[in-house]
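I've put the structures underneath this note.
In what comes next, chain A is part of two complexes: it sits with chain B in the first one and with chain C in the second one.
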Partner chain A sequence: MSAAVLAQVVPFERPPIDWHAVAPELILLGFGALLTLIDAVYLERGRKFTSALAGIGLLAALVPVVTLAIDGNDRYMFNDAYVVDNFALVMKAMFLLSGYVVVLLSTNYISEGDYWENEYYGMLISSVLGMIVMASARDLITIFVALELLSIPAYLMATWRKRDLKSNEAGLKYYLMGVFASAVMLYGMSLLYGVTGTTILADMGEVLNTGESTSVVSLAIVFVIAGFAFKVSAVPFHTWAPDTYEGAPTPVTAFLAVASKAAGFVALVQLVFVGFWGRGDVYEPLMWVLAAASMTVGNLVALRQTNMVRMMAYSGIASAGYIMAPLAVAGVSGDVADEALRAVVTYLVIYAAMNLGVFAVILGIARKTKSAEISSYAGLFQYAPGLTVVMTVFLMALAGIPPFGGWWAKFVVFRALVNADTTMGYSLAVIAAVNSVIALYYYLSVLRTMWADEAPDGDVTPIRIPASLVGALGLTALATMAFGVYPKLVDTVADVSLLVGAGG
Partner chain B sequence: MMLNQFLLLAAALFCIGVYGVLTRRNGVLVLMSVELILNAVNINLVAFGAFQDNVMGDVFAVFVIAVAAAEVGVGLAMVLLMYRNRKSIDFTEVDMLKG
Partner chain C sequence: MEFLQEWGLTLAIFLPLVGVAVMMAFPKSDEATHKVIALATSLVVAAIGVLLLFDFDFDRADEMQWAVSHDWIDIIRTQYSIGIDGMSLPLLLLTMLITPLVIIYSWNHFPEPHNPKAFLMLILVLHAGMIGTFVARDLVLFFVFFEVVLLPMFFMIAVWGGEDRRYASLKFFLYTLFGSALMLVSFLALFFLAGGETFSITGLADAVVENGVSRNAQLWVFGGMLLGFGVKVPMFPFHTWLPDAHTQAPTQGSVILAAVLLKLGTYGFVRIAIPILPEAAVAWAPWIGLLAVIGIIYGALGCLAQTDMKRLIAFSSVAHMGYVMLGIATLTDWGINAAVFGMVAHGLITGMLFFVAGSVKERYHTLEIKRLGGLLVQAPRMGWILGFISMASLGLPGLAGFWGEFPAILAAYNPANGLPVGLFRVYMVIAALGTVLAAGYLLWLLQRTAMGEPSEEFANDPHITDTNREEWLAWSPLLVLILVFGLVPGLIFNVTDDAVDANLSDCLSAGDLDSSVKGSFDIGLCEREGIDEALAQLNVAIAGDEG
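On to the complex of A and B.
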């Protein structure tokens, strides 16, 4: 009996693997495993070089990304479940560089704070690995596994200060909202699989486009988008963000605010452009509501924050609204979809540079003041003119004032919305414009405190900034200025034609 | 093959799970409610897979089971941490961060 069954079994054949295309993932996996091994073998003696090793790993993984970009061919694996196209490469490079800047931010913070250092960098590398897998994932299962691979280490990193109740609370809230959102998202995915009979996004797009519009499809799309709206902290799924950002160690906050949010958008973009493109009637109104609510609520609540990190959390919620806005018009026509995709990529790249920069400054100031209260920034110009100037660059960029990076990001979003030439596009553009003015107010009031007010207690001893933090500040300030003065640069980077497999 | 009975069971489990997550105060019970939702997903996936004679549903279900185990491992660690630091696993007491 068993022999007869065995005779029917087809011998397992390994699907062809393009080793060049998965080289970045493999390199990161190798370094992650190495860091864990060093921890197990050298214990505390390993602390000296783990952060350097993590940085080297992230930069080494960038090398195959560059060679793949030079090669320029789109690569497909596993029945198109894993695709390496221009979009994937741009996002991978962004994730790896943001990861590298986060390592620079973490180096002194983690080693001076009596944290668990070796494990920290192992977790960071796993999370970045999840993100670069996400950039290539064009299949429900791959997207789900990538999402969990990037989230689970992030839950742990948010709780990294084990004995601090605030850090416990930050991690707990993030974890609970995260697992709940991913469970609801999975239920939506199971319905999508049931309706279309496939997990490959490109095939699913075909079936959803030609099939009749049933309420079960709408429900599934709403559930899946809601799951990722949590990840990008869009209103009304944003409640975890301010608490988690405030309680988590600051470098982890920077990581969550930039890389984790971008990963959520990468997944949303892939789902919308490759999977749901035929069902604009469902996702467009949903994106409109999420974008409008995020921009308005984020900016209005940011106005009354007294803590810089909480203010940045609400500013991040508002930015999630700006990034989501082009998706609300993505289904109008092929050209508009193309422009919407470029707007999202442009905004994500510029946002990464300026937001990481703000957190680098917050870390630098906290080395002296041990606080992130905006009132403690008073008189910063008197004793840290350098930090004040770069903070001015980053906050002006976030507010969208030329010539600092952010104006171009906002401009491409407006261009995509207006070129769509629909009521939804115009109305969202008006809401975004009003919100940009509100945002200007709270960024400028921080700057006023830094430049004009007197230092508390007349304490003007200068701040000593470690080299790694200077490196992070230099990199992000340079990128922010370069993108703003010469937007052609980011245009070249974000010149991603429509995703492979996208229809419409 | 009847598909409806499986889908109804899954939908019921999903609703019980969502209700549990939203109303329970005890940390471990919240985690169990999340597990209920994930099991509703698994029933859906396996039922759809069998209905369409397609193996992807079963594969997806195996991935969900494996990842859920890792997720709950982290969750229980957090509940344990909370118990050590506050001697309570009542989630409604976690409210230091506000604003």
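On to the complex of A and C.
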């Protein structure tokens, strides 16, 4: 009988797959599976190679990304639900490289802490897999699946220090908030599907752009954006970030602060530029409020922090505001939208380099001081001048002082805002400018502690930095400097556009 | 020389950074190597400066020479564009002279907490930034170098400074950064208002005219630059960071700060603000003049109230930079030539004063004026040097200080057309009174520290020795130059005059200005013969005096 039923169903036909286009995902999947297999077969003996293998996997996945970029054709699959274009490739490369740096950061931390290494790298790789899927996802369902694929391993990784209460708190908070955000977002997505009858963003965009404005559409857009605002820790949805960042193992914090946040932004810009682009009346004011609030609250609260990781959490909230700011003017015209997108991509790429760098230094210092309290950084210049100098580079980059990378990131944001020539753009530019000065103060106080204060207890034994950490520091410092001195580098990769059929 | 034409300036900017990279390779304990590398680097840069001086075509001092332009960031049309003309040459050479001297002085005088490696590396980074600022012809490039200078100075004060270094360093940084943030906003606004085509200084000057940027917008943009450059100069009322920074900075930091960093601000006025926005400059000039004379009087009165020698010198900087700003505010050929001369003279003289103050501090471990005294008895040569530079600083004719102040005061008698003549004559009288006050505080300082008998606590202190070898090496070039420029001011005026003329009158004549400003060409900006004649007369007068 079942055979009869089956016969009536249309036989499944595999949609055409462009194997080249999905090669990065497949490679990562393969390496993830390999790691799990090694764990199952070799048990503890496998621990020696897992971190190296994870690193190789991430770099190997970069190869097809590069060949795809050289090829240069945009590839559309599954009725345009999965798109490999320049934007996707740039973001994929960024995720893979950030993932690689996180592996470098984790190597000693995880093995010395005797945490479950094999599982850790498996989780890391599946989370990165979710991110690179996200970069190509142009369909509500794909976006949601990618989001869960990248989030669920991250929830687990946040609790990786199993016997540490703070780590448990970090994971639980992150998990509950994340699930709540997902629920809100899903509700918004279901409304969108109900109104437009499609989950493909490009089709949805056409319906939304031409259709009349209804409160259901507005509500749906607000819900979806709010869901991602959780992910990128924008005020007022930021409350999980400081606790999670502080409690999670530091390499995981770096991963959350850079890659996971960037993934949230990738989804957000895809939704805004492909799906909602014509509905600037809804998302522009929303983005304005989120950006202004994130910058201001993040920076003001960061002033009061005594713990470096918490400070970086608030600085990250403020950065989310900067990254979001160009979206508040995206709907003005096609040119402005392109420029806004470029500003977002540029900021994400540079931010990844400098922020990972800061966490690499935090990890390096913690190897000696076992602490991330800013006061414990006193006198660092006397016994670890190298770390002090690179930290100076990273923090000044974050503050936007040329010639370190961050100034260009801030510059493009300002340019996008000013170029829009709207009241919203100008007012946000002024708020961002004031915030840059506030931010400088707390970055500078950290530096002052490191350079000018006396080491606590006069302990000036040097810090031994393992090779992998040196590699991470070198990579990030080099990138931060290169982006600042020669912004053309990042400009070339950030030359992307997402406006399909939106009249860009 | 073709290689030098193309690469000379670029080498001068980046060689110090190469030196820094080489120094990184040696361990901290290898102090001698670090000193040698740093000194060698700065001497090579200075040698490039000398070559530059020989290769410089003085007949074309009004043009950009050794100019190089390459694409840098296409998307905002900013270029790696460098070059020098007669206006930047003296300041560039001053920078190239001061840095090796500071390194020589440091040889055995590293301030606590010692660490020559880091200290010298910071000096070299600073060097690169300063040179870059003086040769940049593109606003973004200028801004980048302007900022590069900030961090090393911040760390120099914060790490090697005095008791109150935490406060002073942060104040220095935040003040300057506040100014430069506004400056950046002005640059960007200018870029967009002028059509978004170029960041080049000359290009922008033309574009402002072509695009008919409204007067109101020009006034605002100039105001932003005024704040940015004014904080750096520093002009009253943005000067409060200076006494703190100077007092707390190590000697070397103070010298560089006084000799070069302050000039970045005034240089910005004459190189960027006025040539690009001449119309706004005319509107703002009375206010700049007002702040300048307030600075002169306030700085002088501030000096009289100080009890600390270094703080006194810092306040005298405020006063002296007031003369420079007054010269600039007149917008005349005279005034701006005087301003450039004043920058160089102030760099030499005040740099020297801080050197001596540092050496006094090292011997007496205090700079409190009332505890000092009898320097001429205990260290006669140093006492005489202090006397010599005090005379130079108060503007004694025949020494360099005179040529910065006197022409600036004279220029205020007859400011460019469009400026209120009566008001500027009032400024002139006030500024002239300021020179009397300057004589007062400097002679007072000299009397209290150098003359009389040593106080009891130091009378038999064996540490108080006379000028030593490093000090002679570091100081004698400055002392000689103070005298030479004092006797033959034409050495600088002849270089700057054409360039000042070209920079200021070109942009004014190209501008669509109302007739009152155009009229100023008759007596103001284009009066080249005027200054030459006047200089000749003054030279005769001095020769007569001396004869």
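FYI, the second predicted complex is superposed on the first by the 489 of 504 C-alpha atoms of A that agree within 3 Å, B and C clash if a C-alpha of one lies under 4 Å from a C-alpha of the other, contacts with A are read in each partner's own complex, and residues count from 1 in each chain.
Rule of thumb we're sticking to: a contact is a pair of C-beta atoms (placed from the backbone, for glycine too) under 8 Å apart; a residue touches a chain by one contact, two chains touch by 3 or more.
Worth saying up front: this structure is predicted, and the values here are computed from it rather than measured.
Specify the outcome, clash or fit, for chain B and chain C once both structures are aligned onto chain A.
fit
Between chain B (first) and chain C (second), which, if any, makes contact with A:P402: first, second, both or neither?
After superposition on chain A, A:P402 lies in contact with chain C alone.
Given the superposition on chain A, which partner contacts more residues in chain A: chain B or chain C?
Partner touching more chain A residues in the overlay: B.
Mind working out whether A:L300 is in touch with chain B, chain C, both or neither, as first, second, both or neither?
A:L300: touches no partner chain.
For A:F381, select first, second, both or neither according to whether it touches chain B, chain C, the two together, or no partner.
second
Just chain B (first), just chain C (second), both, or neither: which does A:A366 touch?
After superposing on A, A:A366 lies clear of both chain B and chain C.
Which partner chains sit in contact with A:T392 here, chain B, chain C, both or neither? Use first/second/both/neither.
second
Applying the document's definition of touch, where does A:V222 land relative to chain B and chain C: first, second, both, or neither?
neither
Once the two complexes are aligned on their shared chain, state how close chain B comes to chain C by Cα atoms, in whole Å.
Between chain B and chain C, the minimum C-alpha distance equals 26 Å.
Please identify the positions on chain A that touch both chain B and chain C, taking each partner from its own complex.
none
Quick check on the complex: what are the chain C residues that touch chain A?
28, 72-76, 113, 115, 117-118, 143-144, 147-148, 150-151, 154-155, 158-159, 165-166, 169-170, 173-174, 177-178, 181, 185, 188, 192
Would you pull the chain B residues touching chain A in the complex into a rising list?
10, 14, 17-18, 21, 30, 34, 37-38, 40-41, 44-45, 47-48, 51-52, 54, 56-57, 59-60, 63-64, 67, 70-71, 74-75, 78, 81-82, 85-86, 91, 94-99
If we count contacts the way the header does, which residues on chain A are in touch with chain B in the complex?
By the definition above, chain A touches chain B via 140-141, 144-145, 148, 152, 155-156, 159, 162-163, 165-166, 168-173, 175-176, 179-180, 182-184, 186-187, 189-191, 193-194, 197-199, 242-243, 246-247, 305, 307, 310.
Can you tell me which positions in chain A touch chain C when the two form their complex?
Residue positions touching the partner: 381-382, 385, 392, 396, 401-403, 407, 411, 414-415, 418-419, 433, 436-437, 440-441, 444-445, 448, 451-452, 486-488, 491.
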